[in-house]
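Order of writing sets the chain letters: A, B, C, D and E. Residues in each chain are counted from 1.
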Amino acid sequence: MLTVLAAILGIAAVVGAYYAIHNEKLTAAIIASGIVGMVSSILFLLLAAPDVAMTEASIGSALTTAIFFFTLNKIRQTNG
Amino acid sequence: MDQYLGQVVMAIGFILAILGLYGLLSQKNMIKMILGFSIFTTGVNIIMVAIGYVKGGTAPILDAEGNAVAKFVDPVPQALVLTSIVIGLGVTAMMLAYVMKLYQDKKSLNINDYKDLKW
Amino acid sequence: MDYSITKFLWSLLGLFIILNWGMLMSSTMRRVGARLAGRIGVPMYQPWIDLAKLMALKTWLSHGVMYYIGPVFRLVGGVGMFLFMPIIFGSEIWSNYSFSGDLILLLYFQSFGMLGMAMGASDSSSPHASIGISRGLAQFAAVEVPMTLAVIAIAIQHQTFSFNSIMEAQQGGVLNWTIFTNPLASIAGMLAMLGAMSHSPFNLVKAPNEIPIGPPTEYHSSFLSVLRTNSAIIHVVEAALFMNLFFGGADTWLMYIVKTFFVYFISVFVGMVFPRMKVEDSVRWFLKWPTAVGIIAVLVAAYWK
Amino acid sequence: MVGPIYIIALALGLAFFLGFFGKSAKTLSVYLMLAGLAAMTCISGTWLSAFIDGSVSTQEIYTAGFKPPYSINLRMGLEEAAFTFIINLIGLLGGTYLFQTLKKAGNAAMSVFIILIMSLNVIVMTRDLFNLFVFVEIGSIATAGLILLDKESKALQAGLKYMIATGVISGLLLIGIIFAYSFVGNLNIDAIIGANLAGTTAGMVAAFLIVVVLVLELKPFPANGWGLDVYEAANPGVGALVSAAIGTASLFVLHKVLPMAGESFYPYIVAVGVITFVGSNLVGTQQKNANRLLGYSSIGQLGLVVAVIGLEPVLGTSFKFIAFALIINHVLAKAGLFWISGIIRKANISEWSVLRTKPALLISFLIFIFALIGFPPFPSFFGKYQLIMNLISSDNIGTAAFILIGSFAEGIYMFRWVGDALKNEVAEDATESLDCGKLNKVLPVLLMAVAVVAAGYLSIPFVDGAYSTYFIPLAFIMFIGLIDSFLPAVVKNVVSIAGMAYFTYVMYPIIEGDLMRSIFFGIFMIGGILTLIPGFAKKGKREGFYPAALLMYAGLATIITADNTFGFFFGWELMTAGSYFLIIRGKRSKAHAYSYMLFSVAGAYLILFGFGFAYQAIGSSLLEGLGEIKLLPTLAYTALAIGFMTKTASLGLHIWLPGAHGEAESDVSPMVSAVLLKAGVFGLMLLFLNMGDNGETILYVLGWVGAFTALMGNLSATFQEDAKRMLAYSSIGQLGYILFAISMMTTLGWLAGFTYVLNHFMFKSILFMVVGGIVVATGTHDLYRMGGLIKKMPLAFIAVMVAMITMAGLPPLSGFAGKWLFYNAVILKGWYIQGVIVFFAGTIAFMYAYKMLHSIFFGQLKDNHRNLKELSPAILIPAYILIAGIMYFSVFPQDVLQPINELLVSLNLGDTLTWAADGNATTVLSNWNGNAVMIIIVTTFALVLLYTMLITGKTKKLEQFNIAYSAERPFRPETTHYSHNMFAGLNKAIGFLVAPGITSFWNNVSTMVMDFAGMVRRIYSGNGQVYAGQIIVYIIVFYFIALGK
Amino acid sequence: MDKKFMVALLVAAMAVILFPLFQSFEGGTQLSELGQYYTQNGVSDTGATNLVASVVVTYRGLDTLGEVTILFLAASIISFFLSVSKDDRIENRTVMSVTEILSTASQTLVPIIVLVGAYILVNGHLTPGGGFQGGAIIASGTLLMFLANPNHKLNHTIIHVIESTSGIAFVAIGVIGVLMMDGGFLSNKLFDLGTPGEVISAGAMPLINIFLGLKVGTELSNVLGIFVESQNEK
């Protein structure tokens, strides 16, 4: 059962990653990469690695996506 | 029943790593490249944790009385992944800072415009 | 290695004979040339008179030290060649100072006289002299090639450079003269001889009717007399050299006179027939036919026998 | 002693402590940082000295209180101590160098700096794989940070490219590490090495990933675009750190981790190293930007050490010394060069001529460049020598050849750089941008220069055949160098001549018995002293002349007195360096010195290659080894022969000589031409003696080469209008004679060779000295502009006349001895046709000799030369000493030739020449009595002179124009001095032989190499993404080659 | 188009290289030798029940120290590099109005997040979590605060002080460890191990965790602060 769940999440992550890479709009791409981060933290949970899941959730997806958005905002602002 | 969990997650890890690498190498936009890079790092982290997974193992936390309950998952890869996630953040933050400054300089996100140093 | 007075005196006597014989030959040559041109030519004693006149003339003109010493060098070159070559094969008294060196010494000593003349003429700082010198040296260098080839061919054939052994190998009958035993080398040698004697086809250097006569333009009176004596000696010695190498040398004075006369007149006759050549043509000619024959001679001598 | 763990604690504590300071107290924080670095250097310094005097053994340092596999451990052995000491020292000096930049950048940059140095220490010491990854990561982030010290756009781009590349690499390293962990079970490097990771295919892939990442950290060619950009864009101070400190640390890491991939992987690492060394040096030849060129060079040097690391199983015991010598040399020289580039701040290498305004900087610059190329007395010379010896003795001939080709490629751009620095003009505004006023920038550079020389001295005991006596002359030269810029030339000349004389006196006993060596020793030393005497005629200080001249003579003396190949090669390189500095002094000699140096360096490497075979034959560096070469003897002997022939300028290798000798200063040409070329002859003689029977074909070919060189040399001399070039071409011709003579390998041949060596030395030094003096006096090189100088310089005329007669080989003088021996040798040996070519060249020699005499001394004296006086005695005295030598040799040839004859008979070259008591030399073919010939000619000359004086009486000198010039009166001397294109006739006839075919051949070769390098350079397209792609391609190609799937 | 195809080819080749690695992994049947050791006597050695935390903080303490240095490096490089000088900084830039829900929610949520972070920090050696996770959660608290009120000025001096003190304390613990027993760098036997499961147990681990958490928290929020401040450059 866990394997099936992992497989579904895996496919979601891969699709998210593919979407993140090939999408034209930057905001959508960054959100997709945030989703990939979130999914990977759940995967870590499935692999019985709670510490890593916590770190991945907070640092891997939250903060990284935040920094991306700050940079994007800065770029839009200097351009604007 | 979670016979193939480790292998499935490992496969996902490899695919993510490959995709990230592909994104890094193919996208012209610098932010997209860094996105690819962070996906690549996430993929690698998944592989590292998957290596440590033992079929039917539980998290390496002993219960209150401190006696071992069942089969444990290998704690070492998890410890290593902690460090590599934070390294990933550090490197991504640095790259983004570079991109911001570069953008101020040439107002373009396309990597091909930054070819002052060649030959 | 004897430096006794008797040897010195005999050599002096030999030199005196050669000098007179040289002048006699040059006067006969001038008469033959005249006869060809339908003239009677100068009297036989003409060279002696010229020489006496020139020696008698005193001059106070000199262009500098080297101009003064040039003719001395020239004469020493002529006399030296005479001294280092035995006149009569086999006789001790007529072998002059040939003990101190052999064919190689003689080959190189030829240029000693040449150097002297060149230096003297240059110091006279006349441009014609310089032009003459450069022509002379260029031609001499070209002549040297077939000459060396011939000498080497003979050296290989007889395995020696010394005059006595070369002449000795040619004794006993006309057939073992080098002309017959080593014909190719002799041909190359004789062609080189034409250049060495600097008679008609190759006499551009001191040609009488060019604008002032090449290197000795500025020479006159007593200096000219020294040069004239030398030219007389040099002709005989050159002829003697080729005689010793190709025509079996001379074991009596009569044979010496006849053979040198014969060798001398080969170049004269050739000279009479052919027109004068420019220096680059003569250089090219020398480096073409004589050298080719010489090389074949050397190869034949080295690998065929 | 203080535990190495304190290095980490101290550095981190300090870094975090600096965080307190915020924006205030910047100077204090920089001093604090430097204090921290100094403390770290002391710690590793004390450990190093403890290891050296053996008072302590290798230490394992545990962390977290547990034994290694369960916790991280560090190791402090001799190697670790040495490497950490180098890294900390470079950090300390780098810190002082960057004092102002760091102060301006604030304490954040300072903590980044000290953390970088700390991370390199841990990288060297740690024995845990993941810990290694973490600290490598720290190192790369810190470098990326330090790149930004200058904050302009180029640094940003370089930084981003650097981050992308290192990011990709570390991701792959992580995969490698985690799979290695899963196969082996723990992360300790020693355990993983023990566990034969490379057994299974998957294990092999993991090991491959780890090793290939560490190789990529060292920026291998061609996947190193990102590395080069860092060197170009970063502040040179940071560049020095990256190349010296980080390079060294990554080298040690590769050495530590390589065993993990198993024994079969080493050859691939050698291949990677060699390709990087040759590739980056070759591409570097096109580079004009100084920092980027330094990047190419440092990547090349690191590639060389990578190759050495890969060769560990082959090199055996001397591996440690070679690797360490090359590393220490690279570190010191490269850091020094980066710092100099930081001081003079000139992007283009052609503007580096501003160095000449700062002598101290110039000298250190030269020290660094010559250290990098591997000249004595620097450590890389010892390292490269030992490396080539071991390589060839273990049959890795291909690798040795490639390494030498790589160092030659490096020589190409290094010497162009030196040429620019020494010879380009200095722009007026160039000196403002220098900021070498600050001591903290200049001091590290000078320290590095001293350290490189000291390191050279310290590496003597490690190389078989190296003795410290070789350094004595160098010490004297350094002393001269010190007093160089204070004392006038005259004093220095006296000191140098005294030094030379004393040195001769000291060194002579070493070669007392050996006649051959003492002849050459005599030529070099006496020749040296004689050619120094004309120096008295020169005024002013002549800075740089005396150290260079003494260096050359020291090299020559070492060649003669050396009994092993090391000493020989040591001397050879010293001589090359000394002569290079002499030649480049000429006004227009930059290009010529450059081509001279390239040929000499190529020749030197060929010789080293040949010596390798000798070393392989007898296992030690004794010269006797040349005789017993069994592995590929023809290749070895041909390499040696060509190597020596670059110095004797034989046909094909001669194009540098006319320019080098022609354009050199008036008293340098005699030294370089008459004395220096004999070194090549000595080498050839040594080689021929040892060649034995498998040298047959080589000798025959050399015979022909010698003959044609003689012909070409003399012919081109005849048609020369430039006096000194004519003499230079004549040297080529004369050396062609010598080569022809000694390649006959018979007593007569060698005797002729020796005669020519002695004669050439004597008459060529006279000619160059006197003609040099005349050229200076008349101010022109062209023969046709001189003329009539016999009236002003009679003594000079006599000297040149005597020298000319000897050169032409006219009988009374000693030149004829050579000709006579030649004739006999040729006939006996049977080389008839070559012999004829040589004799034809002889007559040509007579012609150009006369042309020189005629154009300079005879003919019309020009108006502007009327006020010329006789040459200064400083030139005439040595000339007349040499003339006395010629006269002695001509009158008593027996005294000189008989002992040589006995020597040659003892060397069993045949006994075909007998000497009678009265001086009459007879061979089976002919006889010659030099003494008698001289007496006869002198007496005849005296008699005839007497006769002429009798019949002409007193004469008076006429004026200049009183000549019969076809009935008109010439007005201007120029119109009547017929000397231009003197042998027009001959020129028309055979001038075509002398068309510069060979020069154009070499030009085509060099343009082809340059175009190839230009084409290869295109791969660095500047695009960061392409660089990352190149890294992936590199990994894939390496994988499929190494693991052959 | 060919560039994309080329890159795809490259990446495919990399996949081929990495495939044997993937193939060799059969899902892990039993622990590696190292893992075995840690699970058996992890508790007795370090007194911490959370084995991952014990590995991170004690067994491989140097890694964590390295880790913290990396964050410190990243933070100081970015601060030195993106810092906006006084004159060209606009005081408070016009910002899209923050929705009502976000600002009120953040007022209540931020303290709770920080509390949760503190909790994870303190018993890092008992329950899953530890220095990194606590710090990260605190940082996400500050992130929420920035989102709610973009013009909030972070007091950098306090951040620097906390960061440096915790860094120096961390190193000090290491040095004390070495002084106590050789090879004891960052060992947690400074204090008695106490009974496993108690909050005050496992020697110096809680202390290290706290300093670690503080340092990571302050550094990450410092990084966030710099990114925010760099928005208002002219």
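By definition in this document, contacts are C-beta pairs under 8 Å (C-beta built on N, C-alpha and C of every residue); 3 or more make two chains touch, one makes a residue touch a chain.
Since we're looking at a predicted model, the values are computed, not measured.
Asks: Counting one step per pair of touching chains, how few steps separate subunit A from subunit D?
Replies: Tracing touching chains, the least step count from subunit A to subunit D comes to 2.
Asks: Could you tell me which chains are in contact with subunit C and with subunit E alike?
Replies: Chains that touch both subunit C and subunit E, as defined above, are D.
Asks: Please report the minimal path length, in steps, between subunit D and subunit E on the chain touch graph.
Replies: Tracing touching chains, the least step count from subunit D to subunit E comes to 1.
Asks: Which pair wins on C-beta contacts, A-B or B-D?
Replies: A-B
Asks: Using CA atom means as chain centres, which chain is nearest the centre of all the protein shown?
Replies: Of all chains shown, the one whose C-alpha centre lies nearest the global C-alpha mean is D.
Asks: Roughly how far is subunit A from subunit E, going centre to centre by Cα mean, in whole Å?
Replies: 18
Asks: Just curious, how far off is subunit D from subunit C if you go by their C-alpha centres, in Å?
Replies: 55
Asks: How big is the gap, in whole Å, between where the Cα atoms of subunit B centre and where those of subunit E centre?
Replies: 16
Asks: Using mean CA coordinates as chain centres, what's the gap between subunit A and subunit C in Å?
Replies: Roughly 108 Å, centre to centre.
Asks: Residue numbers in subunit A touching 2 or more other chains?
Replies: Where subunit A meets two or more other chains at a single residue, that happens at 49-52, 55, 59, 63, 67, 70-71, 74, 78.
Asks: Which positions in subunit C touch two or more other chains at once?
Replies: Residues of subunit C touching two or more partner chains: there are none.
Asks: Indicate the residues of subunit E shared as contacts by at least two other chains.
Replies: 7, 10-11, 14, 18, 25, 28, 32, 34, 38, 50, 52, 56, 59-60, 63, 66-67, 70, 73-74, 77, 81, 128, 132, 220, 223, 227, 230
Asks: Going by the touch rule stated at the top, which chains touch which?
Replies: Applying the touch rule to all chain pairs gives A-B, A-E, B-D, B-E, C-D, D-E.
Asks: State the interface residues of subunit C toward subunit D in the complex, per the touch definition above.
Replies: 1, 3, 55, 58-66, 68-69, 71-73, 75-76, 79-80, 83-84, 97, 99-105, 108-109, 111-112, 115, 118-119, 122-128, 130-131, 133-135, 137-142, 144-145, 148-149, 152, 155-156, 159-162, 211-212, 217-218, 221-223, 225-226, 278-280, 283-284, 287, 294-295, 298-299, 302
Asks: In the complex of these two chains, what residues of subunit A are touching subunit B?
Replies: By the definition above, subunit A touches subunit B via 1-3, 6-7, 10, 13-14, 17-18, 20-21, 26, 29-30, 33, 36-37, 40, 43-44, 46-52, 55-56, 59-60, 63-64, 67-68, 70-72, 74-75, 78-79.
Asks: Please give the residue numbers of subunit E that touch subunit A in the complex, ascending.
Replies: It is residues 50, 52-53, 56, 120, 128-130, 132-133, 136-137, 139-140, 143, 220, 223-224, 227-228, 230-231, 233 of subunit E that touch subunit A.
Asks: Can you list the subunit A residues touching subunit E in their complex?
Replies: 49-52, 54-55, 58-59, 62-63, 66-67, 70-71, 73-74, 77-78
Asks: Could you pull out which subunit E residues touch subunit B in their complex?
Replies: Of all residues in subunit E, those touching subunit B are 3-4, 7-8, 10-11, 14-15, 18, 22, 25-32, 34-35, 38-40, 42-43, 49-52, 54-56, 59-60, 63-64, 66-67, 70-71, 73-74, 77-78, 81-82, 127-128, 132, 196-197, 216, 220, 223, 227, 230.
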